[in-house]
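Once you scroll down, you'll see the structures, which are given as structure tokens.
In the two complexes below, subunit A is the common chain; its partner is subunit B in one and subunit C in the other.
Up next, the complex of A and B:
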């Protein structure tokens, strides 16, 4: 039984204050039909040159290292993760003995958990598809990092006063100038294709159809957690390249359904307020009737009632 | 109508010195955090962005402050007036608890100076569970201070004495106190209900926080009914906190605990615990997570410890009338409930949380433990100070006063007040008088 069914069940058994039907027919109110830009990564073409890492550092003013230092293949001995100083990393996997390289960065989800989680809307899924971060709003609670299903956002833990959440920016400034992201521009083997997400998905499926031996029949990111702007083609399941195995439901679904049910037009909170006020009024004259032990059962029942009506 | 008075005890005792030194160690690490960053004193990293500052200072702190709203609901909404002796201590605990949640957050938040941002309409985030928690906690903290104002009025109205140049403000302060005295009683009921409502909302939402991480949480704890479980466990731990606090305060200040009241609260708690337990078990059966119990490992161990030690054992103990009427046994059972809820919050936020690319398990650094311990020590000291300044603790006479005497006192006092000019006390009196 998946979570959505369970939520439905809760509604059906009367535990949810708002009728469960309304919640279940509206699977994720937050989801927007964003058809923006994306990047298709064809892992079968990647040669592991790590030039994208270098270009990313350049474009985003991250600590610079000479291009030659990226030719060091010892980086592949361990599985690296993006961090506050590296928005993208290339990892090597050998599921069948032969090396396969896969670039890792923010996936720019269609329905991003970070944006749903953020307490001050510091994360925004823009209409062009970019998940952008605004440090001036951020209060540094790091709930975005907790919520990310890809474990991408990183934090500047050693910055005492103005730490930021760091992750792939999709090279926003370059996009505004009409240029492709730095990693895409530098890729020498055209492993990265930048374009409209819907066109990239069509392209990916054409590639699979043309070369069914070269690719598995799955575009990673087409449906995962409701879809992502970054899409992957590969010869083996992406989970073998150490990508997470994820379902199709957007991660914020359940919380937002709960949240929007509890606060549906503020009716449930106001109803609870009125209900408590009612009890206060009705019991006002019995205050001296508090028999020694007998009153406990009533109090218990009443406290439990509160619990039962608030989900 | 509560007969409460400031506690007449020496403030500095050996225990206080111990607490003060814990505070100083905490301050040392907190200063380092503000100079060198969160990373300098904590084991927090991109795998584990949340540590004990969230699991203990915030999540457990909020849960353990639930005594404030459960006693307020019991005494003022359900009008069980015999419990009024417990309301003020519980209110003070809640007030300090939430204040320290906010203080603790200042250490944990990377940009602590932006903590007010959720109040800005331009940054409101209706989808965010954390936004709801934040807003509700801010409002509830305000409500708690308003609920505490009558105590301040009772203590200082007509006897404001300000030192030095502050003495110029004496008139203003007196005026404000009289204003509060005249107005608060009439509207207090609205705030009391609001306090209960806000508590129900954010206690449950704290649980909803972790619903968003299905892929990172152990199935023994991850369930869409986490908000309901959090609310139920908060309600269940409210009275045990009042019990612990009353027995403990009675012991420290050499008084007799209000055993009549506490043991009947204990009975309620056992019912609440078993309701909670049945929901927990029902959820596990429905979702088919029972087999995870038999997977050896830290998670299943912690889960069993939490459920057996923190729910089943105290629930069973509190069924026994003999245990409920003995102060040490009742204290032990109540402490187990508190332990169970704290362990539950730690389990949900830390033990169950498994990053996708974890290289090592999180364990709090010395600095994190020191800051948390420092906050708790400060809270205890401020509580101690507050009860010596304000009339919070119920007055104890020579003999152990019975419930009937209490009720009689309350009634007499109220009759007096009906005849004389209304004086600021608690809300309910004022409501009835007005």
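Up next, the complex of A and C:
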């Protein structure tokens, strides 16, 4: 069983334990009301040139740098995942024989599971929509890695002293300079469109309406896990491009509902303690009674032995 | 302070009036506009607030796709275009415009790429609509780099799935454009397309399931342009991954009735369905056999082409030969017969009783059985006093 299967199993087990109410589409109470920025990926335009991977490595000072190493199409023979040294990868799928390329990176969820799972708030969904990671807070528990529905965060396992969780940063430094993320800027066919998320969704639906033969009528990421900042247009369902099939409820909606139900008004823990305390008390009483009866009998016998009378 | 409400009212009134004045007066619009105004602001294309049909006050460069387009002959454009406006990691692209223009002849022509050409203006350069850097404010318009790459790769990916950058431009090593821009072979044309003589189309029509289509005759004899039938065909509709497949593309996607009706809209079903394979059109069936000189003139010498149809010409000789045969254009002596004093006054049909070009008959005037043969001249057949 590899890591993916294990996490899938974990997820399935978790979902089985959730009461039906938790999966209802009520807006998650902690959902952040941000619509911020995003990127629309039009997979029908992507040509699999991998320039975005190269630009990402350049922008984020990741180890693999020469452009020539990204011109190797043999990378498409296996289905790759982002790792600590590659924040984004392009994968090739051939659902109908013809190649379709799709870029994979952190989706910057609207209601990120990683931020919900992180117990030291090292992950933050900023008002501009970016899910940012603060290494100075991170304690390395890697709950974020387990929680992510897209299995994006990676860990520097080979860094013994100061390991960090690594994932797409949305090129925060470039955004601060008013520039688009490095991958968006380099894309020769501009299959990546950077803009406001609501405008991107409108653009995506216009594209679908104009080219109903080119796209399926679904914008991946518009509703998945409560919405993501990265959105995908495609000619086939994204699940055929090895993207996970996800419901519309944010992941924290499930986990936090469990958590918050258990600790609601502190009644369940108190009730549990009261219940356990009662069991303890009942058990303890019987033993004490038995002990007390036993000691009384001994005392009576002693008095008789001394020839005296009891009161 | 008590004047404040009045001031506010005045300002409000002015604002409302100004806003109302700016609201464009939407009058009658050309047909395409109904759809277009749903997508773009009027100001996207028009400079003034009140465009009219007479004075549309169009901006030179506004770009609703395929709004206006014109097609020219491929050799009217440049042979080579150097695309160097975005030079960065790769050397500029030397784009063989001539070859690509020729390729589009089977498709939509120039608008295959030049999808916007304002009326009466040369088509704008790509960069005049597509900004060099993508504007975050306007995400609907692809930038120049996206526009170039999508335009090229749209076909090239279909063609052979090749997406390597080096197909069009070499990666920069030393820097500059290698070689001369004019070393292109601008004479690259599509290899001559093998044209079928006869295509027999199978149909499910009860009274004749076979429709013989004499392809070459339609092109060579009747002068049909390729694009009359082959519309909107791109490379990939004939080629699968750069290999020739079905030369016509998929016929199932073509409405053959609509295609044939362009010319044969007055013919009944049996004209095509169940017609004998060798039953070719014979011009003589129209009562005008194409003999001698008339066989060598093109169709449009006599017929005018109205859209794809040929008009019915007049059968009056003088319509084409107003000067008769005695004029400068035709010297009757080349036939061996000099139209001398005796014969010059005769009408054509006095001798050519069988119609134009038919053998002349002498016996209408001469009762001595003389005949005229072109090679031997006059020859008496009977007693000749």
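We adopt the following convention: the second predicted complex is superposed on the first by the 234 of 311 C-alpha atoms of A that agree within 3 Å, B and C clash if a C-alpha of one lies under 4 Å from a C-alpha of the other, contacts with A are read in each partner's own complex, and residues count from 1 in each chain.
Just so we're on the same page, contacts are C-beta pairs under 8 Å (C-beta built on N, C-alpha and C of every residue); 3 or more make two chains touch, one makes a residue touch a chain.
This one's a predicted model, so the numbers in the text were calculated from it and none came from an experiment.
Asker: Quick check on the superposed pair: does A:94 touch subunit B, subunit C, both, or neither? Answer first, second, both or neither.
Answerer: Neither: A:94 stays clear of subunit B and subunit C.
Asker: Based on the superposed arrangement, let me know which partner A:140 touches: subunit B (first), subunit C (second), both, or neither?
Answerer: first
Asker: For A:256, is the partner it touches subunit B (first), subunit C (second), both, or none of the two (neither)?
Answerer: A:256 contacts subunit B only, not subunit C.
Asker: Between subunit B and subunit C, point out the one touching more subunit A residues.
Answerer: Between subunit B and subunit C, the winner on subunit A residue contacts is B.
Asker: Have a look at where A:277 lands relative to subunit B and subunit C in the superposition and call it first, second, both or neither.
Answerer: Only subunit B is touched by A:277; subunit C is not.
Asker: In the overlay, answer first, second, both or neither for which of subunit B and subunit C A:160 touches.
Answerer: First partner only, subunit B.
Asker: State which residues of subunit A lie in both footprints, the one left by subunit B and the one left by subunit C.
Answerer: In the superposed arrangement, which is not itself an observed complex, subunit A uses no residue for both subunit B and subunit C.
Asker: Could you please specify the touching residues of subunit C with respect to subunit A in the complex?
Answerer: Checking each residue of subunit C against subunit A gives 39, 89, 134, 136, 139-140, 142-143, 145-146, 149-150, 153, 157, 161, 163-165, 171.
Asker: What residues on subunit A touch subunit B, complex-wise?
Answerer: Those residues of subunit A that touch subunit B are 1, 3, 6-7, 9-10, 15, 30, 79, 81, 83-84, 113, 115-121, 137-143, 145-147, 149-151, 153-163, 242, 244, 246, 251-252, 254-256, 258-259, 262-263, 269, 272-273, 276-277, 279-280, 283-284, 286-288, 290, 292-293, 295-296, 298-300, 302-304, 306-307, 310-311.
Asker: Per the contact definition, I'd like the list of subunit A residues that touch subunit C in the complex.
Answerer: 40, 45, 47-49, 67, 71, 98-99, 180, 184, 187-190, 193-195, 199-200, 203, 206
Asker: Mind pulling up the subunit B residues that touch subunit A in the complex?
Answerer: 33-40, 42, 44-47, 49-50, 70, 73-74, 76-82, 108-112, 114-115, 117-118, 120, 123-132, 134, 189, 192-194, 196-197, 200-201, 204-205, 208-209, 211-216, 223-225, 227-228, 231-232, 235, 260, 264, 267-268, 271-272, 275, 286-288, 353, 355-357, 403, 407, 411, 428, 432
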